[in-house]
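Next up: some structures, all given as structure tokens.
Two complexes, one shared chain (subunit A), two partners (subunit B, subunit C).
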Partner chain A sequence: MNITGKKVLSQFGPFLGLIFVFVLFSILCPPAFTSVYNIKTILTQSVIVGIAAFGMTMIIISGGIDLSVGSQIALGTVVIATVLNMGNTGAEMGFMWPLLAALAAIAACGVCGFIIGRFISRFTIVPFIVTLGMMQIARGVAKWIAKEQTVTTPPNWLQDLMLLDPQPEWLFFGPGVWITLILFVLVTILLRYTVFGRYVFAIGSNEQTARLCGIPVKYYKTAIYTFSAFFTGIASIMQYSNLTVGDPTAANGMELDIIAAVVIGGGSLSGGEGSALGSIIGALIMAVLRNGCNMLGLPNYVQEIIIGVIIVGAVLVDRLKHRIKA
Partner chain B sequence: MQQDTAAAGNWLLSLENMAKSFGPVKALRQVNLQVKAGEVHALVGENGAGKSTLMKVLSGAHKPDSGNMYLNGREYKPGSPAQGRLAGIAMIYQELMLAPHLTVEENILLGLEKTKLGFLQNQKQQVHEALAWLGQEDLQPNTPVNQLSIGKQQLVEIARALVTDARVVIMDEPTSSLTAADAQALFGVIRRLKDKGISVIYISHFLEEVFGVCDRYTVLRDGETVATGNLTDISTPGLIRHMIGRSVDELYPAIPHELSETVLQVDNLVTQPYHKTISFALRRGEILGISGLVGAGRSEIIRSIFGLEKVHQGQVKIKNKPELQAIYLNPNQALNADLDLLSENRKEEGLALNLSIATNLTLSALGKYAKNGLLNLKKEQAGAADWMQQLQVKSQSPLAPISSLSGGNQQKVCIARLLHHDSDILFLDEPTRGIDVGSKAEIYRLIQTLAGQGKAIVVVSSYLPELLGICDTLGVMYRGQLSNIKPVKAWTEDDIMHFATSGMETAS
Partner chain C sequence: MINHLHARLTYLTVLLLLAGIIFTTACNRSDSTGQSGEAAGEKLRIAVIPKGTTHLFWKSVHAGAAKAGQELGVEIIWQGPQKEDDRQLQIQVVQNFVSREVDGIVLAPLDERSLVPPVKAARNRKIPVVIFDSDLASKDYESFVATDNYAGGKLAAQRMAEVLQGKGNVIVLRYAEGSASTTARENGFMDGLKEYAPQVKIISSNQYAGATMEKAYQASQNILNRFSEVDGIFCANESSTQGMYRALQTSGKAGKVKLIGFDANETLLKAMQDGHLHGLAVQDPFRMGYEGVKTAVAVIQKKPYEKRLDTGVVMITKENMDSPENEELLNPDLDKWLEE
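Right, the complex of A and B next:
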């Protein structure tokens, strides 16, 4: 009956799950698991999926889905590498060229998102199909630009974003982790305290109601996919930072991890539900699992099975919660 | 055939002292229901009185906490809806339960297929007999169900009940989405079922139907049986008194309101699906009713003006606003131009069901609480709570999910959204559909009060008594064509039906 109590529980459900897996692996794994270094590793490993999941959260709350984010991330890394090579004079890269390269990656993903959004709203084709197409197109374009090879790049500051021990030392976590945190706060405010966020929920919960209430649904859908793609672009910068090359085959299948993070965090594929907090926790749960399983020396397939069980389990728990509410 | 036992008496179906709780909520306290063989038994009561719960218990979907049920003199204890069906209780739900892509025959036989070595056996005879019984020989068994009207689909469900040898058929609001003709056809079918000795439990909010088609009645209120008897021994007001526990002398209150200057002028509007030209004007303080059969294009007029449906041509003039070309209208513009619309489909269109009451209530006018795109949530909740209180929405908090409210209260939230947005011209599409008598009376009062405040209101309704009860002026539609708009007193029910069915004004 207590509504705030229930809200807290539904918000903290994924959080309890995170604590559970963390405690479980702290018991099973050698003490190195809980070392500061390893925790830094886990956080850094969840940066790419986490940032992309923020964008995906908005899309999923609006009742959509984007299967092309993995390909977009690959495209982003290739765009960064290409722009960097354009500015490569053999001397030190400096600050501006890498920044320009990063912005170009965000813009490239933004264009993908805009095209997706326009197609979905203009021609009313379901997001699954449009983004399935974009998944192939973006991957193809990435390979085209990169001439089907990895694109090597000169050293530059973008490569330091995902460092475990950053310079200056007082940063403690790599810049990527801090950027994730800032984006988390931004998306949370956006979803909870802005008109835009409210409309995202309304469109996802019932598009017809949104229309009835005078919300320009088509305009907003285009905006949602474009805006979310900016997050994919930022994720691609982090992916580049990890790889230090532009790789058109990178992030293959990562869209599923990203969608899984959102779903584990309470996002509903039928729309109207989800949160940035849930999604980042979903990303962390998967990162903890991967890290813990590696440390235990468990083979890859064990991780895959466990993550699969967790995805379905998280949704099951959510359904049960809804049934109790009803 | 009848076996007399002390407990069951002469009844085909007898429910005694049924009780059922959901957590702290007592849905059924003390319900008794006795049904004779071959009678049509009306089960009436307000929303939330426990009718649906009782029927779910009867069909086997819910287990009762206590109480006994007897069917044909034997104790009846269904463990599941399938067992209930097997025992001879068939339920026709409000939302039809057919597989849309399967054919009539496949749907009728679904779950009852006879097989030999895994191959389907020919059961056409059975299907044919059932359809013949219902007087539906012309219904082709190989038509996919989704090509049929809702009325025909319902008949398929009833045919299914016949094939399973049902003794009792439960119909929950069967006419709520039927056209008048289909409803008449259904009443014919009900009489046939009766002749066959099958009992029908008929749940409906439409009391004229109850009096037209039923033999006896049972009234539920707050989970208890409060009255039962022959319908010939009771009047409509008497039945309503039992349902709401008080008398509704003033179901249609007369709150004085004045008609003044024209605020909306619609010229040469051409809409889907009939492409007829429509013009009308609406004055401040006026309640204009639009009557007609389902499918006559009533909703389409107001939905087109509001920008929800395609318009081919037409001008819309709103007082103090520049003239608008109707072709370009969208709901956003309409809201800005002081129009607002209450949808007839509360669940599909009117409400975002997994969001809170407050969110639903403020959605069309979020600007009131926004500064540079940022929302003031506290102020928004206070604003929503204020409107909830004014319309007496029964809920613990504006943050509660809208799905936790009853139909009547949900409808009040929909109306509160219109009032919160504060447009001067309101289009109300079936404002009292599917809500209980008590809430209806409140909504009628509210509509009249709003007219008194100078709002101009169009009410579209299938329910003629309410239009005659609350409107100042009335127009009737026939296949996309709108009659002359005349004061309500200048219309008789006969004139209205005449126009609605023929498109001709009665020559007097």
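Right, the complex of A and C next:
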């Protein structure tokens, strides 16, 4: 019982947590909670945090942290809106301009990530400080580009990514949900079966040892932050799709939701642990909580308290895991 | 000891998992019966979604909605975005109410564009939507219940003409770029001033106060330094009025320059008693909540309703602020409706 218990908890802990909250709310909530439409709603609502959490997972496994993700997402939405407006001739947007706008957002976030990674590895400043700075800088740049207001955009296909009822009906879920699924598979393969993935774990477990083993730690750190920023960029496309405007004040404080998703999913802030599966489950747990609390008509402060308790609870489980291993 | 706790935790989770599977299936089965029960004439459920929940303005809306709920025998579900002024979270609240299959939604959109898709999704699922306080870009809704801001601006102009006795220099401190409601007030004020007091000169109308009181205060100081010969000032919302009032106080001009603002709070009412503020155009949030719910219910019950409902603006001055009806407007008895 003890050995199997340990295994169950350490491997499926987050998953059991998700089932627990889901079951809890399906008992308490009106039957509409378990309807297909509501499941679709919950999945769609966890897309933004989920995608950004994939990037954050890599960073946290490598022993770092990124506080600038929320600001980067805001910057991304503004970049998309600005590029879209450049290509706006009054006629239909077509396919290419929105695609270009989306790529520009990914590039903008990529630049932020590259700068963060370079600073951390070149000057050995702790990630907390560098990304705290980037949080302000990216937010400021977003406001600057947007001239301190929301940027309205003409209708285009990017706005349909997060629809609850997507246009070709056979898709069933909005394209955003499918994109999340594809990215999930990619990140899982990347972390488990590639050299890059192994190095991320090695750096996070023990940076000194990793260096002594001949891993070019500095180079890889820059790569990790840049690469994870691409995911932030994709998350910003989804955020834009939801808002349909470029909003420099968007996703304020969302980095904390994203970090919480990774931590709930079993990521350890001391590095070396975490998985894409855990993180997406963490994102789902928070989406289920918000949705369920809405359904129950609980006031907002109850939601905030519950989410707080869940975060600490998840870390507590994480601690227990470590003590058992030791 | 930890191992022991650990084993217990696992055991508990497995038990809950089992219980959960049973309950989920049970819920799914009762799905169809639940819906037919609603059709048989249960209480209607109306979701009321404000822009935020902590401001007094929204508490008044809540009280008004609660009053309508009690009168009409419908259930009011009150839920704002979890973080104030967060578009994303307000979108999620609307989506969740659509999932929950409420009978009607009464919404004050935080953004005139971002809330268009969720409102459209609600109407696709045959849930009527009544918009209140500020408008939605698509006009894809049943009814719009709000203050006629242009008329409110004109009312402020009438008061300005009165206190200035038809002559002098006036500054209009605008609120923020792209804010539709306050722009309508500013335009109403300027058009009204031309009508009621053609000799009054508007010496500045291109400066913006910004979203917070702090920014408004700085903008007001700058504008007061630039124009020393000013007789009257109009500000189009609460934060800019308060910022301007602070600036007038610190420069020793409070009471000498005629200040007319929009929306009330305790500081501003105190300033009015002291004779530093000469008029406040006040909206009626209580009535917005009340009429919003009433309209939504009328739509559901297929009774006649108005497509655009003006909830009115009242000019509050030092002379009339203590009258019973204005007292009711400025200090509504919220607890009477909310604590039941």
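Going forward, the second predicted complex is superposed on the first by the 317 of 326 C-alpha atoms of A that agree within 3 Å, B and C clash if a C-alpha of one lies under 4 Å from a C-alpha of the other, contacts with A are read in each partner's own complex, and residues count from 1 in each chain.
Here is the rule we use: a contact is a pair of C-beta atoms (placed from the backbone, for glycine too) under 8 Å apart; a residue touches a chain by one contact, two chains touch by 3 or more.
Because the structure is a prediction, the values reported are computed rather than measured.
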Query: Should the superposition on subunit A be reported as showing a clash between subunit B and subunit C, or a fit?
result: fit
Message: Just checking: does A:Ser205 make contact with subunit B only, subunit C only, both, or neither of them? Give me first, second, both or neither.
response: first
- request: Name the contact category of A:Phe196: first (subunit B only), second (subunit C only), both, or neither.
  value: first
Message: Taking the superposition on A as described, I'd like to know which of subunit B and subunit C A:Met286 touches: first, second, both or neither.
response: neither
Query: Hey, is it subunit B or subunit C that touches more of subunit A?
result: C
- request: Answer with first, second, both or neither: which of subunit B and subunit C does A:Gln159 touch in the superposed model?
  value: second
Query: Between subunit B (first) and subunit C (second), which, if any, makes contact with A:Cys213: first, second, both or neither?
result: first
- request: Based on the superposed arrangement, let me know which partner A:Leu243 touches: subunit B (first), subunit C (second), both, or neither?
  value: second
- prompt: Considering only C-alpha centres, what angle arises at subunit A between the directions to subunit B and subunit C, nearest 10 degrees?
  reply: 130
Field: Nearest-approach distance, in Å, of subunit C Cα atoms to those of subunit B in the combined model
entry: 10
- prompt: Across the two complexes, what residues of subunit A are contacted by subunit B and by subunit C?
  reply: 1
Message: Under the stated contact criterion, what part of subunit A meets subunit C in this complex?
response: 1-2, 5-6, 8-9, 16, 19-20, 22-24, 26-27, 30-35, 37-38, 41, 44-45, 48, 148-150, 152, 159, 163-165, 239, 242-245, 247, 249-253, 290-291, 294-295, 297, 300, 303-304, 317, 320, 323-324
- request: Show which residues of subunit B lie in contact with subunit A when the two form their complex.
  value: 308, 330-332, 334-336, 341, 343, 348-355, 359-360, 363-364, 366-367, 370, 373-375, 377, 396-397, 399-401, 403, 417
Residues on subunit A engaged by subunit B in the complex (per definition of touch): 1, 3, 7, 192-196, 198, 201-202, 205-206, 208-216, 268, 272-273, 325-326
Query: Okay, in this complex, where on subunit C does subunit A touch?
result: 2-3, 5-7, 9-11, 13, 16-17, 19-21, 23-24, 27-28, 30-31, 34-35, 53, 77-80, 82-83, 85-88, 91-93, 95-101, 111, 113-114, 116-117, 121, 124-125, 176-178
